[in-house]
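Below, each structure is written out as structure tokens.
Each of the two complexes below includes subunit A, the first together with subunit B, the second together with subunit C.
Showing the complex of A and B:
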């Protein structure tokens, strides 16, 4: 079983459109949506949830009013201004608390506990295409973490092994932080989706440093390749220098937003135009994996 | 020579865990005494952030001279491991611990930094 991660660094390059199109044509595949901050693969794949599990991550301070001696030490040391005097004792503003635990350690009467927070759910679903999707949903204000990404990936891999699938495709998280490291960790191939803008190039270079660190073979898909030929050339120079495979160059195409508006993948939106193209991309990636 | 492997189990036939920070176990083989031992790293699943540095700390405490893994550690973990005299070999994903040890002895695994 092979694990492929689609990643972009910069948002808005068409990463999820590419992931959804590949999900439409891919056989023998479990999809995993690890872009949990703004999960959107489900908007196109319309999953029917089969299993749901509460997800806990991080801690927040809670003050027991019966134990609180109202000394005010916690309010004085909280760097986030999350603790204030309310009535006879002190209370924590859950939105402001960062869970650092300083107040818990400093409280002279042990009135402050740090319970783990339920921040969302992870799901195993069947998509409208009959394929399997592992995804997650965070509560408002909760942040994605390496832990949650590792959980989604683990479920996807177990599902693939159990159902005899050959591939796990991971729609990766943005940026270069902890969730992205967790997305990349253990991958067999990385598909970088970029666009010819300066931030598209810059963010791809940054995320590629991680890919390089993990020594994962990579391919690059340049979306909207014709909107700035000069930057497209710079992207090509970069990927040639780094030994990244040029998987495809797709010209700017309004099918991308139109398909999303209808909740369809590109391959569903216009099969005659897009199926051969994504079949070819799929073949190229599969060839790299053997 | 003490050799550490990131692994999904505790025996020679366990698969290498290609992940460093979130590896389930660290299997350690001491070539001098021919003894094996392992570190249970599974509680790392509860760590939201900073898994790599925590696993690096655990490895540091056992002072192996060689680490065999899949992708290799990320930047923060690598900077901790660079504090000890440790050679890191990658590319063992998809192998069992036994196969990875053989590949290492045959000089088939790329050495990282």
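Showing the complex of A and C:
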């Protein structure tokens, strides 16, 4: 079983549109949406949720006002500015608290507890295409997105093994921080979806440094390739230098937003135009994996 | 006045709006623009100013001093992030998992885990006319964006004289980096696009900002693609829409070259001026 991660560094390059199109043609595949704080793949794949699981991770401090002696030690040691004086005692700002538990250990009157936090949900669903999708929703403003990504990936792999699937395709999140690092861990191939803007190029170069640290082979899909041919050439120079496979160049096409607006993948929206293209992309990637 | 430019979805035009709005405003006022999308900062591409400052930012992580350690295991017991682990006769520190809370270090009875600074990222400052621009960039491989964002905000509070407007180009999403970038803002400008992805991610962003009790206004980009559902959502949720920018290939091309939009596209310039007029009203009302 092989795992392929789609990332871009920069947001809005067409990652999820590509993932949805590949999901439409892919066989033997479990899809995993690891952009857990802004997951969009389900808007196209229209999953019928079969299993839903609350996701707990980390703790947050809670101060019992009846026990608090208002000594102020907790406020003094909190590095996150999460504790402040409120009326007669101290209280915790839930969004600022990172759940380190230092205050709990230092409180002289044992007034601070650390209840475990539900920070989101993960789901296993059947898509309208009959395939399986593992996805998640992080609570608004929650941390621990990297851990929820790890959970989605773990569930997707287990599901693939259990149902005899050959591939797990992961739709990653933008950036280079903890959710991206978490989605890259253990991947067999990375598909970088980029666009020929200076931001698109710069962001891909940064996220590729991360891919190199993980020593994962990579391919690149240049979307909106005709927006700026000069930057497209610079992307090609970069990927050649780095030994990244050029998977495809797709010209700017308003089918991308049109298909999304109808809740369809590109392949559903216009099969004659897009199916052969994504079949070819699929074959190129699968060939790299063997 | 602190204005955070944010969005749930990436690629909706946060950076385009932040840079153009800040430079347009700086034609007549003192303005600060901070790129707080520290994982993938891009505003610098559009800035032509001179570099005025460059400094390394660090975060503190514990450093095990074997000779002092009695192997009591207190550090590993208190660490909620599994960043300090006791393995046989060794204390292993995993800096990537460390939140720099100081608990292990300060609760160690023999002071065997002093905190040491480890590099986190770079802060660079530029001056372009009346604009001060700050770029904060996370080192590749560092997982934690939020500490760098918080340090950049502290730097602005402590080191910069107060501008009329401080604009922040925020990270995408709804997780902790966005909270760090917006929690002390006076206003959050949410940038979206009129597609189901744009709308769904806007809904998530609004939910997040409501938890923080933030004032919000919406800017819609690429108007002409998708549908009108985003307007109905804003109406229903009583979110003011301050500007609607058209979907134009010209805008995409200028952006791709690292060029400003407003000197070239009149509709865009008018939209920016409408936003600045609203900001002025708010600013005057608060004074």
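Keep this in mind: the second predicted complex is superposed on the first by the 274 of 290 C-alpha atoms of A that agree within 3 Å, B and C clash if a C-alpha of one lies under 4 Å from a C-alpha of the other, contacts with A are read in each partner's own complex, and residues count from 1 in each chain.
Note that in this section contacts are C-beta pairs under 8 Å (C-beta built on N, C-alpha and C of every residue); 3 or more make two chains touch, one makes a residue touch a chain.
Predicted model only: the values in this text are computed from it and were never measured.
Undergrad: Answer with first, second, both or neither: which of subunit B and subunit C does A:181 touch in the superposed model?
TA: both
Undergrad: Which of the two partners, first being subunit B and second being subunit C, lies in contact with A:96: first, second, both, or neither?
TA: The answer is second: A:96 touches subunit C but not subunit B.
Undergrad: By the touch definition at the top of the document, which applies to A:215: first (subunit B), second (subunit C), both, or neither?
TA: Only subunit B is touched by A:215; subunit C is not.
Undergrad: Identify the partner contact of A:47: answer first if only subunit B is touched, second if only subunit C is, both if each is, neither if none is.
TA: neither
Undergrad: Between subunit B and subunit C, pick out the one touching the greater number of residues of subunit A.
TA: Greater contact footprint in residues on subunit A: C.
Undergrad: By the touch definition at the top of the document, which applies to A:145: first (subunit B), second (subunit C), both, or neither?
TA: both
Undergrad: Which partner does A:263 reach: the first (subunit B), the second (subunit C), both, or neither?
TA: second
Undergrad: According to the stated criteria, A:58 is in contact with first (subunit B), second (subunit C), both, or neither; which is it?
TA: In the superposition, A:58 contacts both subunit B and subunit C.
Undergrad: Identify the overlap between the subunit B-contacting and the subunit C-contacting residues of subunit A.
TA: On subunit A, the residues that contact subunit B in one structure and subunit C in the other are 58, 145-146, 178, 181, 210, 213.
Undergrad: Help me check something: in the complex, which residues belonging to subunit A touch subunit B?
TA: 57-58, 145-148, 150-151, 178, 181-182, 184-188, 210, 213-216
Undergrad: Any idea which subunit C residues touch subunit A in the complex?
TA: For this pair, the touching residues of subunit C are 8-12, 15, 39-40, 42, 45, 78, 80-81, 99-103, 106-107, 138, 140-146, 171-179, 183, 193, 195-197, 200-201, 204, 207-208, 211-212, 222, 225-227, 249, 252-253, 255-258.
Undergrad: Touching subunit A in the complex: which residues of subunit B?
TA: Spelled out, the residues of subunit B in touch with subunit A are 17-22, 45-52, 70-72, 74-75, 78, 90-91, 93, 110, 112.
Undergrad: Using the touch definition from the top, list the residues of subunit A that touch subunit C in their complex.
TA: Listed in rising order, the residues of subunit A that touch subunit C are 9-13, 16, 37-38, 40, 43, 58-59, 77, 79-80, 95-96, 98-102, 105-106, 114, 138, 140-143, 145-146, 173-181, 195-200, 202-203, 206-207, 209-210, 213, 224, 227-228, 231, 252, 254, 257-258, 260-261, 263.
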